[in-house]
Amino acid sequence: MGDIRYYAGVDIGSTMTKVVIVSDRIETALIGPTGPEHRKLANKVMEDALSQANLKFEELSYVVATGYGRINVPFADRQITEITCHAKGLHSILPTVKTIIDIGGQDSKGIRIKDGKVINFVMNDKCAAGTGRFLEVVADSLGVALEKLGEVSLHASRATPISSTCTVFAEHEVVNQLANGEPVANLVAGVHESIATRVYSLVRKLQIEKDIAVTGGGAKNIGLVKALGAKFGSPVLVPPEPLITGALGAALLGKEKCEKAILDGYSPTRSKEGLREAKLFL
Amino acid sequence: MTGLANSKGLETAEKYYTQYGARATELKKEGRKVIGYMSALAPVEILTAAGVVPVRLKGFVDEAITKGDAYMESIICPFVRNAFDAAIKGRFSFMDGMVLPHQCDSIDRTNDVWSSYLNLPYWHFLNVPHVTDDPSIEFMKEILRVFIGTLEKFLGTKITDAAIAQAIKAHNENRRLMRGLYDLRKSNPPLISGVEMMKVLVAAMSIPVDESSALIRGITEDVKKRTAPADGNRKRIMIIGDQIDHTAIPESIENTGAWLVADDLSIGGKIYWPEVDETADPLQGIAERYLRKLKIPTTFVGDGNTYEENLEARFGHLKQRIAEFKVDGAILFIYKYCDPYGFEVPAMKSYIESGGTPVLYLEDEYSTSTLARVKTRIEAFLEMIA
Amino acid sequence: MVFVLGIDVGSGYSKAVVCEGGMVKSHAVMPSGGNYKDTARAVSEKALQKMNLSQGDIRYTVATGYGAGTVDFANETVTDISCHGAGIQHIFPAVRTLIDIGSQFSRVIRVNDEGKVKSFIMNEKCAGGSGKFLQIIARILKIGIEEISALSLTATKPVEFTTGCAVFAESEAVSRISEGALPADILAGIHNAMASKIVTLVTRIGLEERCAITGGGAKDMGLARTIGAELSTEVLVADEPQITAALGAALLASERISR
Amino acid sequence: MAEEKKGRAVATQTAARIPKFVRGNLSATLKAKEEEKKVAKAFIADGQDEIMRAMDIVPAWGESFSGVCAAKRDAEKYLQKAESDNFSRSLCTYATCHIGFEMIREEQGGAMPEGAPWGGMGRPDMILGNGQLLCDPRFKWPQALQHYLKDVPVFITNMYYPPWDPNTDHHEQEKFYVKYCTEELRETVKFCEKVTGKKMDWDRLAAVVELSDKTWDLFVDTYDLRKAIPTPMDTGDAMNTMVPLTFNLGTQEAYDFYVELNSELKQKIAGGIGVADPEKYRLIWAAGLPSWFALNDFQYFNSKGAVFPVEVTYRGCEKIERLDLPKTNDPLEHIAWRWVRYWTHWYDAARKRHGSTPKVERIIEYIEDYKCDGAVFHSAFSCRSWHAGIINQADVLRKVYKDIPILIMEGDIVDISSYNEADTHNRIDAFIETLEAYKGKQKK
């Protein structure tokens, strides 16, 4: 084992499970789906990540779980909310950022940070409009791959206005407009516009300060990122791999905690549970 | 709280909390009349003096609204909707009547809805004013007299000034006792948890005042015997809002490694601090307490000369409470569609923050269905102030 | 012989009914898809073909439903609320309260003894209580929409859903499945959630017996039973509840030509 | 009340003069400084109009300003500004729109926000509210506003009237209610005297009150002309013609306006000119403030032959004679009596009909007087005051009166985000078919 210590962060989102292992550097980062049959299999993503990093579970000094499904990860030593983790992770990558917009599968959030610490945050209502779910639904009904949405929208001649605020109805509207001959690109741009509007009015509740960054799955979508930039009246930064900021933050927070414990003369205690299936969701 | 002495009183409180209204049902069987009421503005002294059992209506946070929406718009605050739903479903079948004080639009504008669908033998809408100047005190006394008149007619008995004076004493004593129990939360860690305290507060609003006092006395004695474990690292939280009458939110706070040590809720801090002065005309003291001493956003507090004076008048007590209970962070939990509290948020938030106490503002439903999200936000807040 | 046509272009499904002398001669149903205009033609052709007819044999066409405006060959459009009334009058003349569960909207319609609408009410702005909910769940459970009905009747422990959002109910269903909940119990849970929304609408407008359920959602016996139980009344369901509005449209078409 | 983007065609020419009134009221608040007058942020239907008019205080009507923003479909930026400081979207949008506007102005050091509709509204020197029974924002909005306008003094009056209770006789309580209202009005006068540094001219107040009474009477007489079949004026217009009564009470211009409207309506009746041709259905707008951004919907109704000869909304007055006001020499006491009697004068009727309520009695009276076939309610999500209890009103109306066709539309007054024109028209279409069936059935 040597002197190197390894720390893992597991971010169990509503759609994706992300694992990051760090030492002094990022050892490995892995993303797997949290789809129906994968729900319980957070351990699988962890196993894959370990094997990629050539490590055994026992070699990890500390595991922090975060995300929507953080509650019941038996092999984690600690749970920390995705808000704190995103802030930490993002700060380590883009230290100038003061406002973070996180667009995940079920939530949109705004986070204000100062010196890497959260000073304020907001979260959306329990309605799917304005979340990444909306993008998935639309991608599905337009027959465009999720990863391609951003690119497609860049060819839009205008953003088709979407009047419904409900994801279900909006999907419908999009399909009808498509049939009426509205180009796919414009529709996708319209959807981005609609999400950006929602997110903007949410995040505005924080005293927005630059730089602004977008994380979460939504940040993978260049079209949405642009629409957000236009709304916020300032270009927004995107980390190289926006999906993993939460897991990265979790790993870093674990590391921080352990290192402090060691300085204080404790040796970090690992949870007794081995790597096993997670029972998820409340 | 693990490792702490248990208490028979707390068990009783737990029972009245989980079987809400159980005592009222018993007393009704013994022939007593039960009058339900909403809001901190109902003058319980008068109900006690009338010899009825006053029971404050509550909602049931883990029950979905299934019946009430048919009669009441969803633009009403979710707490009122939930309580009404419970009433329609027969959860308060022990009630012989109800008094609905004018607190806010959500209550005022649903008076007809409540009265027409509950069809109770006794019904009274108590027209509490919003402002607190001298003419308003006189007016408040008038409407209290009207209220007493209708009660007397319904019960067929006289409610004497002497009985009211005695009820005032009893309720003041009850308030002192409850504050005594609150005092036990000042230590670090507190001797009684926020979850336990919530059960006591809820139990207390469902039983006659003398029983409540006895209960609190017993609990206080038991809790005093506890020796707190050394666990001084947790953050101390205060919760502010209208009627939060369930343990779901205290649990969310305390399960994430913080203590809920104080509150400014309409079933807690808001009502147990102000007492009724024992005035020659007992109604004078009652009018003054409900209009001037209760600090709730539905009475217009603050005719100060400057905005700052107004702020002190409205929120000064919060800073005191924060200092006394050594609060590290405040959670402002406001229901959707609540105008009185909603309009207060920016001013209140900045006032508390100006004293160096961080504030989490949550606008939410009255329902456990959104609890997971509320929890995440509370946890993140605790991480933020850690 | 005088044939008339009723077309109901719903947001989810399009329905066509051919009538002659007030009797249903044939009908067809197909998903509306994105292009209402083409679907409207296709579904009416499908119904006509069964009778070896063509559009030219039709004396009068009434279009209804969400996409009625796109039916360029219709002589007239009437709202689907009125068509539902006319349709149910024909099927169950005793019905006074009609619950229509379509894909976007749930509606309750009160009709008089002539099948004319007395009043109506519908859900607003949120897909929470609509038939779309069923489709979403069917997709998660990887079953056909037509399988819901039978499966849900075998439920023993209905799952309680904490969200009213059709989109998030999907993820909630998924997590329940991962916890081992049975598909039948999930469906029953969805039925409970939908029924309570629908019953609220019924109570608001007032229940006058007898009561029937129409629209595609009525094909779901589990849902119909749940609603019936909540209302403590027997609810009637036609053999082909989904075509009620199209039938009503066709009947209104015959009325027009007999004037 | 306002001219909206698409320009609603108004049926009466007099109504076309309304934008001038609204602009006039706004610009008065801007010119007040030069004229050395004080501006008061005030509320409509708050009983304080005459005091302000008699003291030359210029009212700045928040509701009017927000309504104009909504009609111009220009409210979103103000709503968002307020939301950014944690004012919930579920709060009264008149309030949040106006507060958002003031927030922006303060941030800009007092400079008028760019593009403020019709030149915007002047900064108030005082804020007058009323803790009356109408709504919470009537005293919370002033308080919230002071958070941004810290130097502006706030005064809240309290004017109550006896609550409806079928088992008690409200007449027994009237006296102390009137006494209370009078005292509260006196406090308002004191406050205004303090801020303006001028004394109340009581004779002038008496004259203004007399003028208001006359205006009330004339208003009701004029609106009663709409009983004619076909009706010469629709609610779509009334949402404009209410402006002088609601915002300019106690001024000669307001009175003169109704003189003009009165003669125009009489001419129309003489010429048999109706709003809709042919007029097929007569409806009552039974509750709710309109969606200011969608006043065109009234025309949609008209295009289907449906007209609204009467509305509950903004008919904030009654024939003085009917209120049977006790004599008094104190103009404030007169206002108080008028207030208490106005709000309670359907109580007696409601007490006579078992299970009824005053609100429903009022609707029934109008349905009968104006020969209506159906009722339309609008339920705006951000204002509980007028829009909660509508389900109950509709239910009671059906139970104690008749099972007439009823349409409850859901929407908002200012917030356009929940509005969908196609859906709304669909709903109206279906309602029209319902009316058709109802009328057909009645004929038989």
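The letters A, B, C and D name the chains in turn, as written, and every chain counts its residues from 1.
By our rule, contacts are C-beta pairs under 8 Å (C-beta built on N, C-alpha and C of every residue); 3 or more make two chains touch, one makes a residue touch a chain.
From a predicted model like this one, the values you see are computed outputs, not experimental measurements.
Asker: Tell me which of A-D and C-D has more C-beta pairs in contact.
Answerer: It is C-D, judged by the count of C-beta pairs in contact.
Asker: Computing the C-alpha centre of each chain, which chain sits at the greatest distance from chain A?
Answerer: D
Asker: Which whole number of Å gives the spacing of the CA centres of chain A and chain D?
Answerer: 48
Asker: Could you work out how far the Cα centre of chain A sits from that of chain B, in whole Å?
Answerer: 40
Asker: Can you compute the centre-to-centre distance for chain B and chain D, using the mean CA position of each chain? Integer Å is fine.
Answerer: 35
Asker: Mind pulling the chain B residues that touch 2 or more other chains?
Answerer: 70-71, 369-370
Asker: At which residue positions does chain C touch at least two other chains?
Answerer: 125, 163, 204
Asker: At least two other chains touched by the same residue of chain D: list those residues.
Answerer: As it turns out, chain D has residues touching two or more other chains at 85-86, 391, 395, 418.
Asker: So that we know how the chains sit together, what is the shape of their touch graph: line, ring, star, complete or other?
Answerer: complete
Asker: Can you list the chain C residues touching chain B in their complex?
Answerer: 162-164, 196, 199-204
Asker: Under the stated contact criterion, what part of chain D meets chain B in this complex?
Answerer: Within the complex, chain D touches chain B at residues 85-88, 90-92, 95, 129, 131, 133, 135-137, 139-141, 143-144, 146-147, 150-151, 153-158, 160, 162-165, 167-168, 173, 176-177, 180, 183-184, 187, 355, 357, 359, 379, 381-382, 384-385, 387-392, 395-396.
Asker: Could you pull out which chain D residues touch chain C in their complex?
Answerer: It comes out as residues 391, 395, 398, 403, 405-406, 408, 410, 418, 426-427, 429-431, 433-434, 436-438, 440-441.
Asker: Can you list the residues on chain A that touch chain D in the complex?
Answerer: The contact residues of chain A facing chain D are 163-165, 201, 204-205.
Asker: Touching chain D in the complex: which residues of chain B?
Answerer: 70-73, 75-76, 102, 104-106, 108-113, 116, 123-125, 127, 129-131, 133, 135-136, 138-139, 142, 146, 150, 297-298, 300, 302-303, 305-308, 310, 334, 336-337, 339-340, 342-347, 349-350, 361, 363
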